[in-house]
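Each of the next two complexes has chain A plus one other chain: chain B in the first, chain C in the second.
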Partner chain A sequence: MAYVSVPLYKRTIPQRYGLVGLRCKKCGWINFPPKGVCKNCKESLDFEKVKLSGKGTIYSYTVISAAAAPPEFSKQEKYGGTYVVALVDLDEGPRIVAQLTDCKPGEVKIGMRVKAVLRRIYEDEGVIRYGFKFKPQEEDLNG
Partner chain B sequence: MVLGVVNYGVYVPKYRIKAEEYIKVWGRFSARGVKEKAVADLDEDVMSMGLGSAEQAIEGVDLRDIKVLSFASTTPPYTEKLLSSFLIEGLGLNKNIFVSEHLSSTRSGTEALISCLSYLKSMGEGLGLVVASDSPSTNMQNDLEHGFGSSATSLLLGFQNVIAEFEGASTYVSEVPGERFKPKNSSKVEDLGLKGYCFTSFMENVNGSLKVLLDKLGRMPSDYNHFIVQQFNGRDPLRAALKLGFAKDQLTAGLLAPLLGDVGTCSTLISFSKVLEEAKPEEKILIVSYGSGAGSDALSFKVTQEPVNKGKVSSALNNKEYIDYLTYLKLKEAIV
Partner chain C sequence: MESKVAVVGAGQSKYGESVDKSVKELFLDAYIELINSVDNGLEPREINAVYIGSLGSGGFQLGNLSALMAEYVGLPGVHAVRIENACSSSGFAFIEACLAIMSGMYDVVIAGGVEKMRDVSSLKAKYWLGVSGDTEYERLAGMTFAGLYAIMANRHMHDYGTTREQLSMVAVKNHKNAFLNPKAQFQNKITLEKAMNSPMVAYPLNLFDCCPTTDGASAVLLCKAEIAKKFTDSPVYVAGFGTGTDYLALHDRETITSLKAAVLAAREAYKKAGIKPKDVDVAEVHDCFTIAEIIAYEDLGFCERGEGGKFIEEGLSSMEGEIPVNLSGGLKAKGHPIGATGTGQVYEIFNQLRKTVQKPARQVKDAEIGLTHNVGGSGGTAAVTVFKV
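And then the complex of A and B:
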């Protein structure tokens, strides 16, 4: 993640805390994160807000270790060890990138069902940045 | 019209550390009666845990009906800045509701509960949400640290589909310096190690709030099926309960410090949730909190029906992964 200023971060809080996306009124496509123009039909500017379920499936993932962690995540890597960043296909359609939590790199599988949880992401200028990560849905952990 | 608890939610982080891990490192474990305690992960704090518990408590309700939010913690991530705003945004609550934040002692959980109940009572309608979340911390060499755990609980209050009716509350406050305090500009809890002094204060304040409530309701300790008292460790609650005229079996269902440690301002409310999950209609529950410095709230509830969605507390208690002391130090960012 590149540097995100506090005002920009503030503007995106509904999507970061509440998974609020935009449904295109023309083609029905759900845009998440929200876009100015619909990513699917590339025409419409007419949207309605929709709260996503936070449920999805892992499309792909990668494991980040010491040398690869961006500066804002270096403290996390130091104390918590390697962590997983995944591409997640949300049930409503969008494919997004996020960290996984509450699971070890060895437990992650492509196709695994996950759900979003709001966690601390990192801290910058004394300001805590909260946002969603994904954790395995219980049924996958049990077998 | 009956005012009371409509639903509850709990959040317990999955990591646990056992007392034996402390004994291996320090040669002893000072939190008496605590077998293991819950430990927050690096990306969990009182806000994220509080939100997790609140999501359970508000499941299935129309969020527009929630008219008041009361938040309690002794370990807020900021000492100045609104905190309930995080919950409003994360849960998607109405931005025009009244919020109150209770942050000064481990009594804050019941303080938030009484505040929320009072506000709802004055409105005569709607729902209220109480969120108590805590993760007390101090220096690793401090005896208090051995007991400190992390957890969150939320209670949804209202007038319809009540599972436990609110019967009354009372408070006792007295000035007691030098017992469990956080100096200005510090995030670490301190105390002067005066155990007898602290227990005497505990008894005076708890007895002070209990006596007034029991007199008001015309009840005796034996009229209650469940007695929940603030739990700084696993042993003192029993000692206090016996002195106050309660029996061991009244305490059993709500005794969680042996499994979670001292979860600060969340203590009485997470125990209340556990009891609600097991109690039968007509059973009576007495809650008494304690905060250093010092004060105590006593609250009385009568169970009216069993909760619809049971098992939330037991599943949070059972979902656990043990860590060793070195991992614990890393999670606490104690190695610098």
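And then the complex of A and C:
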């Protein structure tokens, strides 16, 4: 099943809590999430860790309707209704998928500036899964 | 490419909710029709191998499924293998069958597919339908399958001006076609208004933009081209095929408004068949969501990049159009029994090219070249095959 076990989740904590990517020492490409072999040069396995800023721009998004969420998200949906999942282009290059938070679905636009924040994702098997979501950057709210 | 493989028989169960039939019995339905469709008859002992596409049928018999299907229809002992490439499982099973024949190892082979999605609760079905995308990131972001295609659709609309109305037009066309298909899950026409006003599932896709969950099975008989006439006077030849793969997660891909796996597969299939996209007379494409059919027009070269919305709007993929697409009703209305879909598409093209579809009103006129386009997951895998008579 499409099931994220506790060990599988635990192995990815550096990415989930700290947005840690792998910079290829050969071509400089930042791989996030990590790949076995560099995604760009497809040759090197030699990486150094790099912490990403979490700032980025919405490339595309969808609004998951009530009752259409995966079962592990049904509690969130029960309390919050619909939620937004977006593809975000991080300023350092990588594109990543995550939920949006602290904004209404109707306010979301392609091209909107966002910033990663640590949030509770869901609880399963008695273990809370934390991870990043994105919220609108302040300047956008003011402007 | 000189055709080395021919299709000489095909069968398909009724698609839909089959409360009374197990996955074995659905496969038997397809197998019996396949045997009866061989004009000059087939002795079951002539069958050398069976390739079965399946995602997992909701967890029923995950192991040794192909041997189970073979023994149930009276073929114990045969070489049997299950192929799993998500929704393109039997599209790939078909190609593995071609390769087995082309290698010289086997002369007569069955490629088929089975899936039973409606025995499990909708909660369990949601678990199962989410298994073919990226689990670690997409799933942990609360992404759904409709959500993945929705996020593609949203960007396609942003970049090319594709409209929600054009998406709904795909659903209207495919329901209209399925109305004439006795084996389709939904044999009802719908209006554009009804399609556009159905409940939202994942913006911008609503309920009528999504294919249903379906029980079903399909199977086709392939043989070495040299011996095809032994079985029938009107074989359908495999002119060329191609496959492609891509990153599973959308965030890893070069683009989300095109499925690169399908582009690679189509390019290879056209090259091997020695044809151009406009030479295709009839096509069955993977419309798991309406946006997927619009992207398929572009990926297959039926129109320019970004023009897929206009292609449906101008009626170019309708029964009377330039390239009729999904005359069976497609995944949207014929139904999408995941593992069975690929060879189910071959079943339709086989009958269209031989002029043997069940209702003459659905029969395309003067078609010589047919194409199937079968995509796995959100585009992690794709198989394209070109057929000719």
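Couple of notes before you dig in:
Here is the rule we use: the second predicted complex is superposed on the first by the 140 of 143 C-alpha atoms of A that agree within 3 Å, B and C clash if a C-alpha of one lies under 4 Å from a C-alpha of the other, contacts with A are read in each partner's own complex, and residues count from 1 in each chain.
The criterion applied here is as follows: a contact is a pair of C-beta atoms (placed from the backbone, for glycine too) under 8 Å apart; a residue touches a chain by one contact, two chains touch by 3 or more.
Computed from a prediction, not measured in an experiment: that's the story for all the values here.
On the shared subunit chain A, the superposed partners chain B and chain C are arranged side by side without overlap. When the two structures are aligned on the shared chain, A:Q76 is found in touch with chain B and with chain C.
Seen from the CA centre of chain A, chain B and chain C lie at an angle of 150° in the overlaid model, rounded to the nearest 10.
Once chain A of one complex is fitted onto chain A of the other, the partner contacts of A:D102 are limited to chain B, with no touch recorded for chain C. Once chain A of one complex is fitted onto chain A of the other, the partner contacts of A:I128 are limited to chain B, with no touch recorded for chain C. When the two complexes are superposed, the chain touching more residues of chain A, out of chain B and chain C, is C.
Shared-chain residue A:S65: touches chain C; no touch with chain B.
In the superposition on chain A, contact is made by A:V85 with chain C only, not with chain B. Contact with chain C, but none with chain B, is seen for A:P33 once the two complexes are overlaid on the shared chain.
Contact with neither chain B nor chain C is seen for A:K55 once the two complexes are overlaid on the shared chain.
Contacts of A:R113 after superposition: neither chain B nor chain C is touched.
Least inter-chain distance for chain B and chain C in the combined superposition, rounded to the nearest angstrom, is 13, based on C-alpha atoms.
Shared interface residues of chain A (contacting chain B in one complex, chain C in the other): 76, 121.
Looking at the complex, you find that chain B touches chain A at residues 14, 41-45, 47-48, 51-52, 77-78, 86, 89-92, 330-331, 333.
Residues 1-4, 8-9, 12, 33, 39, 59-65, 68-71, 73, 76, 83, 85-87, 94-99, 105, 110, 121, 129, 131 of chain A are the ones that touch chain C when the two sit in their complex. Of all the residues in chain C, the ones that touch chain A in their complex are 123, 126-128, 130-131, 133, 135-144, 146-147, 150-152, 154-155, 158, 199-205, 249-252, 256. Residues 13-14, 17-18, 51, 76, 79-80, 101-102, 117-121, 128, 130, 133 of chain A touch chain B in their complex.
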